[in-house]
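Each of the next two complexes has chain A plus one other chain: chain B in the first, chain C in the second.
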Partner chain A sequence: MNRLMTLSALALLAGCATTNTLPERELPDGKAYLTPIHVMVDDPLNAAQMRNQLRETGVFRSVEAGMGKPGDYSVLIRSNVQRDMPPFPLLLLSAATLFLMPLSVSIDTTTEFSLQQDGKALKQYRYRNVTHKYSWLLDGMGGMQEQNGSRIARAFAQDVQRDGVLPEETAQ
Partner chain B sequence: MFCRCRPLALFLIAAALVGCGTQSASLVSQPLQPGPQEPVAYLVGSIGPQSLAASPAPNQRLLFRKRGSAFGAAGVWLGIARGTPQDVQDKDGAASVFVLPLKPGDYEFYDFQFFSSSYSPTLGTTYTSLQAREKFNLPLRLQAGKAYYLGEFRSLCLGASLCAFRWRDQLGRDESIARQSVPGLPSLQLLPLDYRSAAPYIIAPLPGGAGQNPLQEKRP
Partner chain C sequence: MIRISLLTGVLLLSGCGTALKPLDYKAERAYVPMSVTMPPPASRFDQQKQREVIQVLRDTGAFSFIDGGYSKTGYSLLVDQRGGKGAGVLPAVLGALTLLTVPIPYTYERQLHGALYKDGELLKSYAYKRGGWTATTWYIPMTEPRSESDMLGELMRDLDHDRLIPYQ
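Coming up: the complex of A and B.
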């Protein structure tokens, strides 16, 4: 009986954990910064947040907004975000059980990064991350959206660093 | 009976007095704290309002992070009940000196925070947090056994939503205060950072003294 209760408690708690389809990337410490990039995002509401997520990776010397001067490297970001909410009858059922019944919420993001210099495309990167979580109705998204975007930004930063498309910053 | 109660009474008095004390101006997250036998790098600076009347936020922070990680450290000034030690007392301002003991490595000075809460009977408690919308990046490479001085950051506010820090070099004054809290501190060296990328939030004279007191330069 005890074992059954422990197992069911574990199963319930495990269901509350947030899952991502894109694995977490480890970024190496102590490497030289990559040259500054100018980042333009097609979603003006989340542009600042996306630039901040690229800054958090610690890979680029600086991440600026806008076009930049001739010769500068720029990154165009196109992002498609889909939030899946449970069907309305389930929301009602959750409310009827005083929000005890957890609901499945997910964010499905596909982001395309186009690395350019003087209007010439250097390389394209494309990532998809589905973040999923069981949460209570009034719990909200929590940190799901940040985690969803942060994984994509880290994956892009690591791939750019590995490919050597951008030169390293020499002057500290 | 009294003997049995005495430890409890002493504990209660001690607990009450702890609430009246000050708290540290240095905040380092657990994974960045060096162990007892591990090498240490120190980051020193001071933070506080230029004028207590004109700076409404009682909680001000300078935020640092380990490069590429989610862990960070902060230099804090707290002006309310259990505040940080008011090491510097000016005509109408105050500041606390922070000494951050960190594991050596690459760090970034990336953000600041002004935090305040206000209570009104109709709305309840309202929290206000002011941070940089677009974070800046000032890289710090900290070597073991060295102590780096960032500078003095004094906040100035115009209203509740326009706040900035004014940077000054106060190495001589802050070093003696820092040495009182950490006795074995190595001698401080000024860390020259280019604050132009943090321009609207941190106001500093241009590097190399260009544009610094142009009136004085004209004097014979």
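Coming up: the complex of A and C.
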């Protein structure tokens, strides 16, 4: 009996871990900031979150909204988000068991970043991240979308830093 | 018996549809990238409604790129659907108790405020209002969502007519 309980507890804990297809990127400390960027996101309801995630990477001097003045660097972001929920009968079944039955949920995001200066495209980046988890009563879906977007933002920040397309800000 | 209950189920669900109808406006040219801002949603329901509004605006083809938030440079459109009134507590409770079978009439009023900014400066503001009678039943089509899309369509036509936003 004890063994069974331990086993099911282990399965629940391990099975409920969130998985991402895009690996977590390490952003090195102690590097100079990159020049400020103006970020436009083609999704008004998630634009603020996206900009904040780029700010959190700590790679850019500042991340501002809008088009920017001539000469400024701007980033246009387009995302395609697909949410995958289990079929409705399964949702009902989970509700009937008071959400003790785990449900498989996933968010599949493809994001395109277009780095521009004065309307001229400098470089394009494209990332896809599929975040998947089994959610149940004590472990909801909260934070999944954040994790999904934050990995993409970090991947973009690391690639931009590595490519050297944006000039580094000189220490003041 | 099963067929009847299925039919009533379908009728109930489709009669009570609150989804926004597509706007009766199609743009010929798209505006330059700009932002569309809405007041912070108060509930999950609000959030869902805002998502629908963005989708119907996108479907008109008037926007090439819709960003969110205010910015120091560029154009932004504030879309505010707050204000107005719907069914009060009494019709809603009575409607729920009678499972929306007894028509309880009520008046409603819907508002839409639009404000167009350029570089943070107000260029022009727009205000629309719709109201009328309806009843809390599933067999009378809801007029409220239709008046919302009506007003959004009118806002889009007025924006097109005023030509304040440059085209791409």
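Note that in this section the second predicted complex is superposed on the first by the 158 of 172 C-alpha atoms of A that agree within 3 Å, B and C clash if a C-alpha of one lies under 4 Å from a C-alpha of the other, contacts with A are read in each partner's own complex, and residues count from 1 in each chain.
FYI, a contact is a pair of C-beta atoms (placed from the backbone, for glycine too) under 8 Å apart; a residue touches a chain by one contact, two chains touch by 3 or more.
The structure displayed is predicted, hence computed values, not measured ones.
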Determine, under the contact definition given at the top, whether A:A48 touches first (chain B), second (chain C), both, or neither.
-> both
State whether A:G30 touches chain B only (first), chain C only (second), both chains, or neither.
-> first
If you stack the two complexes on chain A, which partner ends up touching A:M40: first (chain B), second (chain C), both, or neither?
-> second
Considering only touches as defined above, state whether A:K69 meets chain B (first), chain C (second), both or neither.
-> second
Does the superposition put A:T57 against chain B (first), chain C (second), both, or neither?
-> first
On chain A, the residue positions that both chain B and chain C contact, one per complex | 48, 51, 65
Chain A residues within the chain C interface of the complex | 38, 40-48, 51, 64-69, 76
Using the touch definition up top, name the residues of chain A that touch chain B in the complex.
-> 27, 29-30, 33, 48, 51-52, 55-59, 61-63, 65, 172
Once bound in the complex, which stretches of chain C touch chain A?
-> 33, 35-38, 47, 50-51, 54, 65-74
In their shared complex, at which residues does chain B touch chain A?
-> 65, 67-69, 105-106, 108, 110, 133-135, 137, 139, 141, 197
